[in-house]
Structure formats: C-alpha cells, structure tokens
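Shared chain: subunit A. Partners: subunit B in the first complex, subunit C in the second.
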Partner chain A sequence: MSDTKFQASEAFAMASNDRTDGNATVPPPRSAIHSGDNSVWADASPLLHAACQDLKEGELIHGDNFNLYAAMSALEIMDPKMDSGIACKYYSLEEAIEDGAAPIPISVDKTTDVRCTIDIMDHLLACEATWHKGHSLAQTVYSCLYLLQTERTSSHALLHSYCKVIQETCKEVLSVVSDARTHEEEDLFTMSYGLPLGGNGDEKCLSMLNAVEETVSRQLRACKASSSKKRVSEDIEPLQNNPDLEEGYCKALLCRLRFRKHFYHLLISMRRPQGRGLELGRKHIASCIAEIDSIRKSSMFLRARAQEISGQNRSNTTASGNQPIGFDASINCRLAAPTPPRAIEILSWEKALDYFVKLLQDLDHICSYTLDPSLEAALLFVVNFQKSQPDLVSRAHLQILLVQGGKLYGREPIFSVVIRAAGLPEFTKSHVIQENEFMVQLGQLVINLLKILCTNAAWQRRKLGKMLQDWRVTYVQLELAFEKEFGETSNISDNKHISITIFQQILPWVEEQTYWIAYRFLILGFELELYSVHDYCMVYWYIYAVLTKLAEKKHIRMAMSSGTAKKKTKKKRDYLKDARTDYQIPAAVLFLQSQIYLAEGLSMMLAALRNEHKLVPPQSPFNTEREVFMQQFELLQKACLPDHVSYVTFKESTIHADFSTQVLSDHFKEAHRIAKDVKSSFAHDADMMAEIRRIEQVAEHNNIALNVISRVGALEPSLKISFTFTHHPFFATAIVKRS
Partner chain B sequence: MEEEAVGEGSDAVGRARKLLFRRMLVGIKDGRFFLGGFYCIDKQGNIILQDAVEYRTTRRSSPSPLEQRCLGLILIPASCRATCHVDCSIDEQLSLLSLT
Partner chain C sequence: MIEGLSPSSDCTAHNRNISHAATSPITVVFSSPVIDCRSTYNIVASSFVDLSRLKQGVQRRHTMETSTKESLELKKVDCDASEIEYVSYGGEHHLPLIMNLVDQELSEPYSIFTYRYFVYLWPQLSFLAFHKGKCVGTVVCKMGDHRNISRGYIAMLVVIKPYRGKGIATELVTRSIKVMMESGCEEVTLESEVTNKGALALYGRLGFIRAKRLFHYYLNGVDAFRLKLRFPRPELHPSLPVMADKYGSSHIPSDLDNSAFEQ
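== the complex of A and B ==
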C-alpha cells in the first residue's frame, strides 16, 4: 500500500469535476487525499449497493479475522455520544475568531468593553472552580477562546494580563496535583493535551497584572477626586465613558485583579520547599478572602447595570447575570479522547465564590501547621484536616508539604522519623541499620501512609485496606531479620547492643502503627456509610479487638522508651484491665481504653438486642452473617489483624449477651469514668478535649438508653430502638422511644 | 443502475468481498471524510472501517486546509453516507467496479 499524501487546498477546488453520482452539495477533497502512485479513487457505491441487495437478511460481508464482539466497539459516526467531530457552531478556533466570537476589543464603546471584561473574569472564575471540582481543563477554563490564543489579546491590557495570570495559576495548580499524584478516581483534572498551558512560570504575568492594577487604582483616585471637586494633579484617562459609573467599575475591577494577584502569590508561597512560605501564605489567604468579599459586594452594582441592557441571555456564572462573550466548550472537544466528553454544568458564580472561600480556609489550615517533627503529630494533623472534607487541590497541597523528596516536610529523613516515633534516642538515627532492606521498606511504607491519608475517604479506605498486608509482611521480615542476626549470639558487642535495642523498639512500633491503620480502615466505613445497622455489632466488636491490640502495643512501646527495663511481653490476657499495675498508665493509652469500653459496650448492646429479637437482621438468601463477616473483614483477616480473631470467636463473645445483668452498663460507665479522668492530661489540646467530651456524651446517653431498656424489658413491643451519630461520627448513640 | 440477474447475485457479493481491507474513502453528508480499511458491510449498507482517519475542513463554509485525526474502528451508518470510493489501479477500476 502506498502512503497517503495530504495536499493543500489548491487541489481541493479541482476535485468536484470527476464525481459520477451528481451530488454536488459537498465538494470532496479526494484529490487532496492522495490515493497513491498509479492508483485512483474509484466509486464503489454502485457495486456495494448491488452487493447489499443480494445479501440475505442478517448476512455480512467481512474478512476472516472479523470479530463481531470487537465490531460492536466501533465508534458510530453521527452519534452525539460517540462522535466528537459532529459539526457544532464552529469547526475550529480560527473559524470562531473569524466569525467574531472573541472580538478584540470586545466593544468600541469603552463602558461595554469594561462590562464585558468583568463578565469574562467572572465566568473564568466559575470555570476554574468547576475544574477544581474534578472536570477537564478543556471543557472549563480553556473553553475561553481568548485563553486559547493569548497573543491576540496583547492590545487589551486588562484582558491580556488577566488571561496570562489565569494560565500561570492553572499551571501551578496542575503541577501540584500532578506531583502529588492524587488524581484519584477520575484523571480528568490533569488532562491538558494540546492546550496552551502557559509560559515559563516566570512571574512576568504578575508585573503585567501589577501595572494594570496600578492604572485602575489611579483611575479610581482620579474619579473620586473629581467627584469631590478636588483638583486632579495627573491627567488620567478614565476607565470608561460614563463618569457616574467610573467608581463602581473601577472598584469591581480592582478586587478581581487583586484576588488573582494574591491567589497566585499564595500558590507560589505554598510551593516553597520545607514549608518556608507558609506564614506568608496566610497573609495572602487573608487578602484573598477580603477581596472575595469585595467581589461579592460588587454584584449589586453590576447587576443593576446589566438590567438596563438586555433581558435575554441570562447566566448565573457572572455577577451581572449576563452571558460572557468568547466562550465555546465545543472547540476543544476533539482534543481529548475520540469520544465526546460528558456534558458538564459550570458552577454558578455564587457557588464558585463559596468554593474558593472553602479552598482558602482549608489552605489556611495547612499553612497554620507547625511542622511538628513527630510522625504521630503529622498523622493526627492529617486526620483532623480531613474532617472538614477538603477538596482535591488543598489535599494535594498538604501532601506536597508533608512528603518532599522522600523526607518528612522535605527535611526529616524517614528513618529518623521512625526512630523518634518508636521512642528511640536521637543518636540512633544515624545507625547503619537504616540500610537494612526491611528498614528501607518500612520507610517507604510510612511515606505511602502519609500520602494515602491525604486522599479522599473512599480511595483512602481502599488503599489503607490493601496496605495492611504490606505492613504485616514487613513486620514479619524485620522480626526474622532480628532473630537471624541476634538470635544465637551470646557475645554481644556494644554496637550490636544498640542494634538489638533498635529492633526491639521498632518492632512493637510497627505493630502499633499497623493496628492504627486497621482502626482507621474500620472507622472510615462509618464515614462512607458502608455498614448497615445490622453490621454494627460485628464492626464494633472488631474495633474493640483492634483497639485492644493498639493500646497494648502503644503501652509496650511507651514503656520501653521511658527506660523501664520491661521485657517484651507475649501474654495475651487483659493487660490493661489489670488493676495491679505498678506504674502510671500513660494518658494516650487510657484514652484508648475509654474507646475500647465504648466499642465493647456498643457491640454487646447490639448483640443483646439481636439475641432478644429487637434487632432482627433481614433473612437474605445471599449472605449469611458469617459471609457478611468475611466480606467486611477480609483484608484484616488476611493480614491476621488481630491474630486468633474469627467469626467463631465473634459468635462466642456475643451469643450470650443480654440485658439481664449489669455487665453491659459497666462498659459505658467505665468508658465515661476513664474519659473524665484523662481530661486533665489533654487540657492543652483542643481537638483531644473535644473528642473526649464526645466520648463522654456517647457513653452517658447509651447508659441511659440501657437503663430504660433494662427497666422496661427488651421484649416490650412498644419499645423502639434506633441508632444515631449525632454525638460522635462513628460511635453510635442508642435512642429509645416508647410508642 | 443496472442490476445483475438473480442467478448471478453472488457475483456482486464476490466482487464486493474482493474490496475487503482495501483503503476506502467514505464521505458523509456533513462534509467530513473517513479513510480506513474496508472491514465490513451489512445488508442495510452500514460500513465499518478499521484504523480510520477523519478528514475535516477547518472552515465550514469556504475551502480551507484539512485537518485529520485518528479514530480507529468506526461504523458509518448508511443514512449519513454520501460517497464511497476505493483505492485501486486504473485497470482494476474497470473490471472490478464495472457492472456492465
């Protein structure tokens, strides 16, 4: 087969001569598409028509390699869902520009020009917020024809500088999200093929923006001076023609320009390595929020102007309510995949402003972080940060701050972070043991954990579940390495003694961390509403089992690092409930204890309700309770977290639960008592105090509910029991009603 | 258009079969052209092309340079097909495609 050659439009005009079917509506570029040497394009329509007539119903003409299943995947031309080449308004950007879809200047009348420029700025903000929410750049920000060819706007200072700063801003945001690799479920956010993303990232756009801001500021000062009949020293050309509107338009423009300036500065500050720009970032955030306030206030003036003009073409993506000029999402649709993108709705202007305010608040939360070198503090910070349900852009910024170049905050090597977390003395962080392959693996697991904790809840839970086995395997490998190297040595040198200590403290820390991940995996299920009320009993029981192990390992680790010569205990009895302990149980462990009692109490209460037929699970032919147990906890079971825990042990623990004894009530009472006692140790920590208060409330309310049920009798038919999460996001409170 | 006698109906089908996998240029009613390997046709006249390339002008109204993009396997419904040409040598053109 000869190669196809593609000729220019001169051949185009000649092509219409040799058509045989007489259809002259569309001149074919057959000559423009070369058929090759010594060959021609021959009309096959008559032959195909005849062949089709002779075919039987359902018969196809096809080759030997034909596969009907594969043929079903063919894109159907002229189907709007599959064919992105269908003629929309314009075939190309050039055609749109020639047709006047993006005029420069927008209008010869300066007032109209300014008004339209503001509409463009507002719509771009709405597009930007829509993009952040998870759509593609091509359909949102780059639906702006002015952005697709910014050179055209160079004669229009306002539009040009604004477009340039938008390009640079989007490029910055895109770069952070790409680096963090938190695209999560849909990769639409980072798709930018063929789009003119921007220049070299130099801050030239800022100097242009500053110049324009300066000009508009002077214009504002001039119009204020002339309105108060003061003498104007400079000869300033006004922004637009109508002196009565000059102040309003100047103010509306200034807050929009200033917002963009501060937002861009904010992104640059936050990108500075090792969190050096965080404090400056907070200042820019404050300015951004102030400018957004001014932007909102400008809408009244702009809407009033708009109503004078036209009642048609209303749009909720601008402050004025007018449709912006120069936007067409379909121009870019061929740049993406062969199939057309899903139709999307651009966020309203009001919602876009709300989005940016939330984004700024979340970024402020990040900028206020003190970069505590403790891993535990970092993990807690991320967990607390996630409570406000931050969006992709802020989460990506947090991840970039936490993990840079394989180090915590770009400055703490991961091994020294682990050493500190395990409670080992500082000098051990340079020990050669860090080159052990399993120590390196452990470091990688810690980095991955930090990254995963910055993703959205659904993605996070999935990845945390998968991570459990990796942590478990690494633990086993470390344990084996330890035993291999030091198991049989009788003569232990000083250096080896340190190695032993390192291993001995890191091992329980690894276990503790693994159980923490398991705990997080389980409670995220509540946030994602993955459990039905009939699953709560087994979920709380499993939480109780995991928390018990977590507390045990934490206690061991803390005891070891506090210097008390305690041998690693392998006893599996109720370590924590032993009142004859001869030392203070650390507050962190006590806090876990209160949660353990709470989880146990809830699990037993739910088991009792089930045993007394107050909470009857639906009889499903598909899933027995055992199958539900296996499905819910498969990943934990595979990783043996904890060991010796199974459906059988779950049943054994819960089969005899009932309301007749005081045992159930004791769990909630203990939870309440311990929470109250541990408060004094956390007086300095606002988040912990809030959490302890929540636990107290849940324990108290459940205790009351329990008393009512015991008094009335669980079998009383008028008694209705339901569960709610009003007091705590994942520890339920029982509500008892008598109908 | 002359039609073959019923007894020689398979002749047209046979000759159409010989066109399989040849480069085929299908024009559709909105002015676009698709160049690809002839893969399949059914009784209704719907054509499937493989490794298809779409050619489109950059201006709807006036003659202008063509732009192209690759689409892979496509189905062109008979209802939107305007023209259909096949790449062949001058000799073949007479024997293969002539119906007289």
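== the complex of A and C ==
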C-alpha cells in the first residue's frame, strides 16, 4: 500500500475516534508511518461529518464501473479480523530487528545461545510441517526473522548453515510441487511472492552444513574423551560452557543437523530423472528416520534444561517447551496469501515429527517402486499408494516420477505404453499409426490420467468425472477413423494389415480404460462420503452396470491379445492346450465377476429394504429420486457410460426386489465362490490377495444378514438394519440388530 | 460461505439510492478480500464508503461485545413453532438484525457491503425469523445465471443457539427455495463444512445431494461439500454431443412412464 492510502486509513481512524471520544483531538497512535515525499497528512473529519449529514441510511456513494459485487472484497479498517495492518506487532523487518526481535548472537552466554538455536531449529521444523499441510510459506517457515535476512547470521555458523539448508530445502520442495501443476486446491502452498528463497545452488549450503556437523562431532568426541579421562588429542573449543551439558547438547544438535542433511540429499536423489536416484533415496530415508528417532530422544534432556528457566512462555512447537526467539507470524502479512489475517496454528513439535515420519514412509513407498513398464501396473501402484492418504509433497513426487517429458518414467514413449497395455506385440510400437491425431490425443489422455490419479481424492474425482467424455469422444473418433480407412470390417485376420490389428485391439482397450475411470469415479464417492445411505442402492446398481461393461471389455481385449500371440507362435503351439485355454476366463475377469455379484447383491438388498419400507428415504418437498439419480450420474450419462442405462431401467430392475426368494442370497454366494476360486491365480500378489479376502468377508457377512432378515421377516419392527464399511472401503456390510 | 462466481449483472437496484457528495468522492483502497474460502482473490479498489457505522457512532467491536454476551444464554427457549413469525426482508431496518446475527454466530468477518449485495439485489430471497419481537434466525440468498443455468445460492443461514432444533432453519430455507423455484431457478446450491452434521441432515431432507467435496475449502483446513438441489424439469430429448449422431435415439431414456415411480 502506498503512503497516500495509509494516510486515508489513518484519517478514518482518527475521525471515528473523534466521534466516540468527544471533541478532543486524538494524537496519531504511533509515528511509525511517516509522511512521504509526495504526501502530507490531511484531516478528513469535516468532510466525513458533512457526508454523514448529507446521506441517509442505506444510501451509498460510489464511482463508475464499480458494482456492489466487487464491494464484497472491502475491509473494515481497524477491524482486526479483516485489517491485517492492525494485527501487526512490527511494521517491517527492520523495525523488528531494531527492536531486538532476532538478536545475533542469540545470547552472549554460549549455553543459552545453543539452547535457543535448538529451539529455533525445532520451531522451524514445526513451521515446515505446517506449510506442507497447506498453509502459506510466508506465514510459516518465513515467519522466521533470521531466514528473511540470512546475511545477518553469517557470524553464527550453526544458525547460518541451518537457515541456508532450510531455504534450499523449501525451494526444492516448492519446485517439485510447482512442476507437478496439479495442486489447484492446495494453491496456498506455492505462493512465495517476495520471499528470499535462496538459489545459490545446493553445493554451498551442504558444505557449510557438513563443516558445522564436523565441528560438533569433534566437540562431542572431545567431551566424551575428557569425561572418560582420556587425553584429548585435539585442542577444540567446546560447544558451550557447561561441561555437564556438553554431551547432551552436542547430540541434540547432531541429529538435527544430520536429519536436514539426509532430507536434502533425499530430495535431490528423487529429482534425478527416470528414477535413477530412488535406491539412494531409500538409504537417505532410512537415515532420516533414524535421526528423527534421535531427535525425539533428545527432548527429555532439553525439557529438563528448560524447566530450570522459570517464567518462560510454554510452547509446544519445540522439544524443550520454550518459545523460540526470532519468529513473528505477522511480519509477512503483506506478502501472505490474500486471505484475512488470522493466526495460523503451527503444528506441535510432536505432530511435526509424526508428519515427517509419514512423509518419509510415503516417499519410501515411491522409492521402492520397480518402475514396471506396464501401464496397468503403474495405475495399480498409484491406486495402492493413495490408500495411505499421502499429502501433497509425496503425491507431487510420485507424479513427477511417473510422468516426465510426456513419457512414462521419462523414458517410455506413451504410444508404446498404450501398445503394450492393449496387448499388442512389441514391434507395433514404432508403427506410423502413432502419428494419427486421435492416437496422439489418446496418448495425452493417458498422461493426464496418470497425473490426475496422483492428486487428492476430492479434486481427483471431479477431474475423473470430467475426463469421461474426453475418453468417450476419443473412442468414437478412433472408431470412425478406423471405419473410414478400412470400411466395415470386423473379422479380418490378415496380418499384413497391422494397422487394422492395432485399431482392433486398441479400441476395446480404450473402452475398458474408460469404464475403469467410471468405476473409480463411482467408488471414490464412498471415500469422500458423498453418498447418503439412501443413495447406496442406485450407486451400487450403477457400479454393477459399469463393472459388467468393464469385465466384458477386458475379456475382449485379453482374448484378442492372446489370439494375436497365438498367431505368432502358431507353428509351435500344442493344439490341445489351445482348446483348453480357449474356454478359460482369465483370472482378472473372474475377479471383476465377483465384484459384479457383490454390487448387484447390495443394490438388490437395499432395493428390497426400500420396497419393504425398512429404509425410507426422506420426502423432499422439492424433488424426487429421479432428480437425485440424474444428478449423481450426470457425467456418466452424458458420456453414455454405459449405454441404455437410465433412471427408468434402474427402477425396472429394482422395483420388485424383495426378501422372499433366494435371488438376493445367490448374488452373495456367487461372489464368495468366485472370489475363493480365483485366489490361487493371485497367490503372488499380496495386495490382490488382501482385496479378495475383503470381498469374501463382505459377501459372507451380507449373506448372514440376509438370512436373518429372511428368517425374522423384513417387516418386523424390532429389526434395525444399518450399513458399515469395516470390511471393505466401498462395499458395505449390512448389520442387523434386534432391539 | 460466499461463492465466488464471476460478477453477475450490474446492480441497478441500488442506483436510485445513490447520491454523490458535492466534492469528488473519497477513495479508500482496501488490500485484501474478506472471503473466508478460496473463491476470489482479486484485489479491488473500492470506492464505496458506507457511513452507517459512523452515523450510529458505535464501533464495530463494541457492538460485537454486547451481542456476544446475549448469546451466552445457551439455555433453550421453550416456544411453540406457531410462535415464530417469518418475515421477508423488508428494508434497512432489517439489515442490522441480520448483521448482528451473522456476526455473532460465524467467525468469518463480512463487511457491510457483503450484506448489502445480497439484500439489495435479492430482497425477496432473504427471510428473518422472529420470536416475540426478537430476531432469532435469518437466511440470506441470491440467484443468477451460471453457465446458462438459473441457479439459486444460499449464502448465510443462522439460527441462534437457544432456538435450534425447532425446525426454524428448515422453514427459513424452505421459504427461500420456494421463491427461487417460483422465480424459475433450475437448481439451488451452497457449501457446507463436512463436519456440519446438522446442516447436512437439514439439506439432505430437502433433497440436496453432496455433489462435490472441496479439499481444504475453509482456511482452517476443513473440507466442504458443495450441496446441490435440482428441481424436476420436463425432459424431452436431452441433447448429448456426438453420441446422438452415432448412437441414434436408442439411448434416450423414455420418461413417459415415470409416473409409476414418483412418490
């Protein structure tokens, strides 16, 4: 804000004070804001008094081209909830420094200086975790006055090197998240306008940190040597004055310095292209976790030291419990995100350590990925990774690893990824068809899909929903292009037309992938708690419809690709084996079958409960179930996924569901049977085995619930039925209680 | 709780109340928006000056203190539903009542212009609930075109604590939605914290679905649901791009037989 505008606000403040305090002129509160070169104070009180007489209540003065909607962005000056200037302690960094808010050295007494330095390090860690969790950099990490002018700290080796490495670390993390460009709702994170982010290159900060670590290590060795009465080989100045505390302080410092060193190395390793640094990354992760453990252990020593100092404000953002010196949350209020001024609650030190441990575990998960060139494996990896609800920083790292320069892992061209996914032979990946505009479009869709799957679930679902039409349109365009070039053909087996084969296999694969996205869109609704229990029936019914199509397309695609493989090795084939494998449904398809039966069973059970008035939806005065259906599945309906599915067909399928027949029970029994049978095919895959077991459990429990309902009678008033997700994240289990 | 849509049509409603000062208008620059959620981040120069506070000679903080004391009476008030009087927004005299209620109950600051925006342009959509002359609840809404769909928006809904659980909020919202429906709105929307079970239940009963979840929508890190209510509409031939040509009319749902399924 320029000078003239500040003066106006001061004038207003003065004017309103005037009115309430009578006629006495109130002196300006603080002369922190000076008249500028081109500006002078003017008393606006008479003008305001005149205006008050002139306007009636409800009348407004305004200028042209300015509507009332824009006025909503107005603030009330001096209201601390809106006026960030009022809430500031210091007008500027200079004022804060002049006031002694960030002394260098922190204390003349070396012991105090070391103790305070450790507090600063701890609070910075807590700020960093708070930043990662979604607040602005300016109000968290950069609330540290030392960080805002690191040149000031150059005489204090510990603080200086620590600040430098923090700057570089934050810059690294910022760059990964910015590059990912999928943090739309977490956009406060990357706001760094006006902040000194550093940028002298990593080597310098690491060498400074190493030097300091080396010094403290020697100090630790020296104090251990002197305590065991050994001769001190080096003549080294101790860290601080009190020999009894030397070991404790040295150790506390060392683990903090080492954590920073390994964390920074980790970030650099993970940034290496094509996943070349992942193995090294894992080593640094292990070191980080070990150092965090040491940091936690140091708190007992530090807290004991803190308790000797009485009258200090307690703080939960440091190991010692002391308030750190050199922080001011409001110092950057003008650089902060354009949000109302409010105190950000910095994570507690304990929670910050927990956050970093989780972050490291998530990064370790990423670093242990084998970079399987199969798209299906990549998709499955991301889906599994997301189960632990990783935060923005690790998600961004995964995305950067998966998609680089338009290639999978930065090395697999997307067309060859698609070729492999569609089950086509390797040599087709260099076919000229990849230049077809719709093939290129398809490649883009695959890249986008991978990126979107790395985002937070809420945003992810919206984007997946929107992309359904794009996938559908691309399919139609590919199909049209195919028909145009080769006419209405479906049974050509002539291998000379490789293009035909490519099209014929890619098309069902595109459909399969589209239905997979639709399925993911639907089940994410459960995780995000978007469905009320009254929506479950229609949602499971739609899942049943989508899964049926998914299974169908998958089967077609797999049959086609095994057919192509067979043709290649025709001469060596055992024809008897051929006949047997022809009739075997692939395990992946069978697995889908079990889910289909489960979805159908749940949908019908819920429909029956509704038909028997056990689960009564609210009667809205404004709309009906039809509008709810149209809204829930609007994006799927728009993309015709699947065809011939509507509210009418939904009602037709469910209107007669009841508990009198075995039909309901059969669904769950089949689901259970197929799941059991298919287990042997997935014995090597721990994740799949866990999923199959969950499906078995849900099928079993629901069957039991059904039996109880059938036996007692659904109309029995004492019967209470509810649904839970204890056995499976999106397939519900019915719980039947007699009250 | 304010939705950030692109600026709607110009406010002509208030123009009749405009008077210009004899000298050039005072320009006051405000630096940041007060909106409590990540909708608009535009820094605007406001040339509006509202003198209602100065005229009343009462500072904002002072008003808030007294009203906070009132709200400390958390005892439930015994009253019958028939004792509650519902009134449509009637003018300037209602504005301070609405502002005090919202200031009391909600932690986010709204400037007076925010209130004026809603009640000036859509007075028929805001309602107040009175019990024995005391204002105990209010709903503030707007409506407009959003991507060619006429849409209502519920901006604020407050009922003071001693009067909760009596259906007053439901009644306020219902009245407003009825006006929206009669005015030709096709849908109604609002945002609500995912933790606000009461609001979710209330709107759920009225036919709203949770259309989206908005990650960390509120600055305290809480997620929000976008709730949406769609009114029934005559569905003849829903236009579907590309698909219609390719697949013909076989996929268009036949809506003629819906009567059998309506409640």
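FYI, the second predicted complex is superposed on the first by the 621 of 739 C-alpha atoms of A that agree within 3 Å, B and C clash if a C-alpha of one lies under 4 Å from a C-alpha of the other, contacts with A are read in each partner's own complex, and residues count from 1 in each chain.
Throughout what follows, a contact is a pair of C-beta atoms (placed from the backbone, for glycine too) under 8 Å apart; a residue touches a chain by one contact, two chains touch by 3 or more.
For clarity, every value in this text was computed on a predicted model and none was experimentally measured.
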For A:461, using the defined touch cut-off, is the partner it touches subunit B, subunit C, both, or neither? Pick first, second, both or neither.
second
Looking at A:383, would you say it contacts subunit B, subunit C, both, or neither? Reply first, second, both or neither.
neither
Let me test your reading of the model: by the given contact rule, A:643 touches which partner, first (subunit B), second (subunit C), both or neither?
second
Output check: A:621 vs subunit B and subunit C. Expected answer is one of first, second, both, neither. What do you get?
second
Classify the contacts of A:70 with the two partner chains as first (subunit B alone), second (subunit C alone), both, or neither.
both
Partner chain(s) touched by A:45 [first = subunit B, second = subunit C, both, neither]:
first
Applying the touch criterion given at the start, work out whether A:715 contacts subunit B, subunit C, both or neither, answering first, second, both or neither.
neither
After superposing on the shared chain, does subunit C or subunit B touch more subunit A residues?
C
Let me test your reading of the model: by the given contact rule, A:286 touches which partner, first (subunit B), second (subunit C), both or neither?
neither
Go through the superposed model and pick first if A:432 touches only subunit B, second if only subunit C, both, or neither.
neither
After superposition on chain A, the subunit A residues reached by both subunit B and subunit C are 1, 8-9, 12, 19, 44, 47-48, 50-52, 54-55, 57-63, 66, 70-71, 73-77, 334, 338
In the complex, go through subunit C and note every residue touching subunit A.
2, 7-8, 10-11, 14, 17-23, 25-36, 38, 40-44, 46-55, 57-61, 91-92, 95, 108-109, 111-114, 116-117, 120-121, 174, 177, 181, 194, 204-207, 209-217, 219, 221, 223, 225, 228-232, 240-243, 246-247, 250-251, 253-255, 257-258, 260-263
Subunit A contact footprint on subunit B (complex, rising order)
1, 3-4, 9-10, 12-13, 15-17, 19-21, 23-25, 27-35, 39-45, 47-48, 53-60, 63-77, 80, 82-90, 92-93, 96-97, 99
In the complex formed with subunit C, which residues of subunit A make contact?
1, 5, 8-9, 12, 15-16, 19-20, 44, 47-48, 50-52, 54-55, 57-63, 66-77, 79, 81-82, 84, 133-134, 185-188, 334, 337-340, 342, 456-459, 461-462, 469, 472-473, 476, 528-532, 535, 618-628, 630-632, 638-640, 643-644, 646-649, 651, 655
Subunit A residues touching subunit B - in the complex, by the definition given at the top:
1, 4, 6, 8-9, 12-13, 19, 21, 23, 25-30, 32-33, 35-36, 38-63, 66, 70-71, 73-78, 85-87, 90-92, 94-95, 98, 334, 338
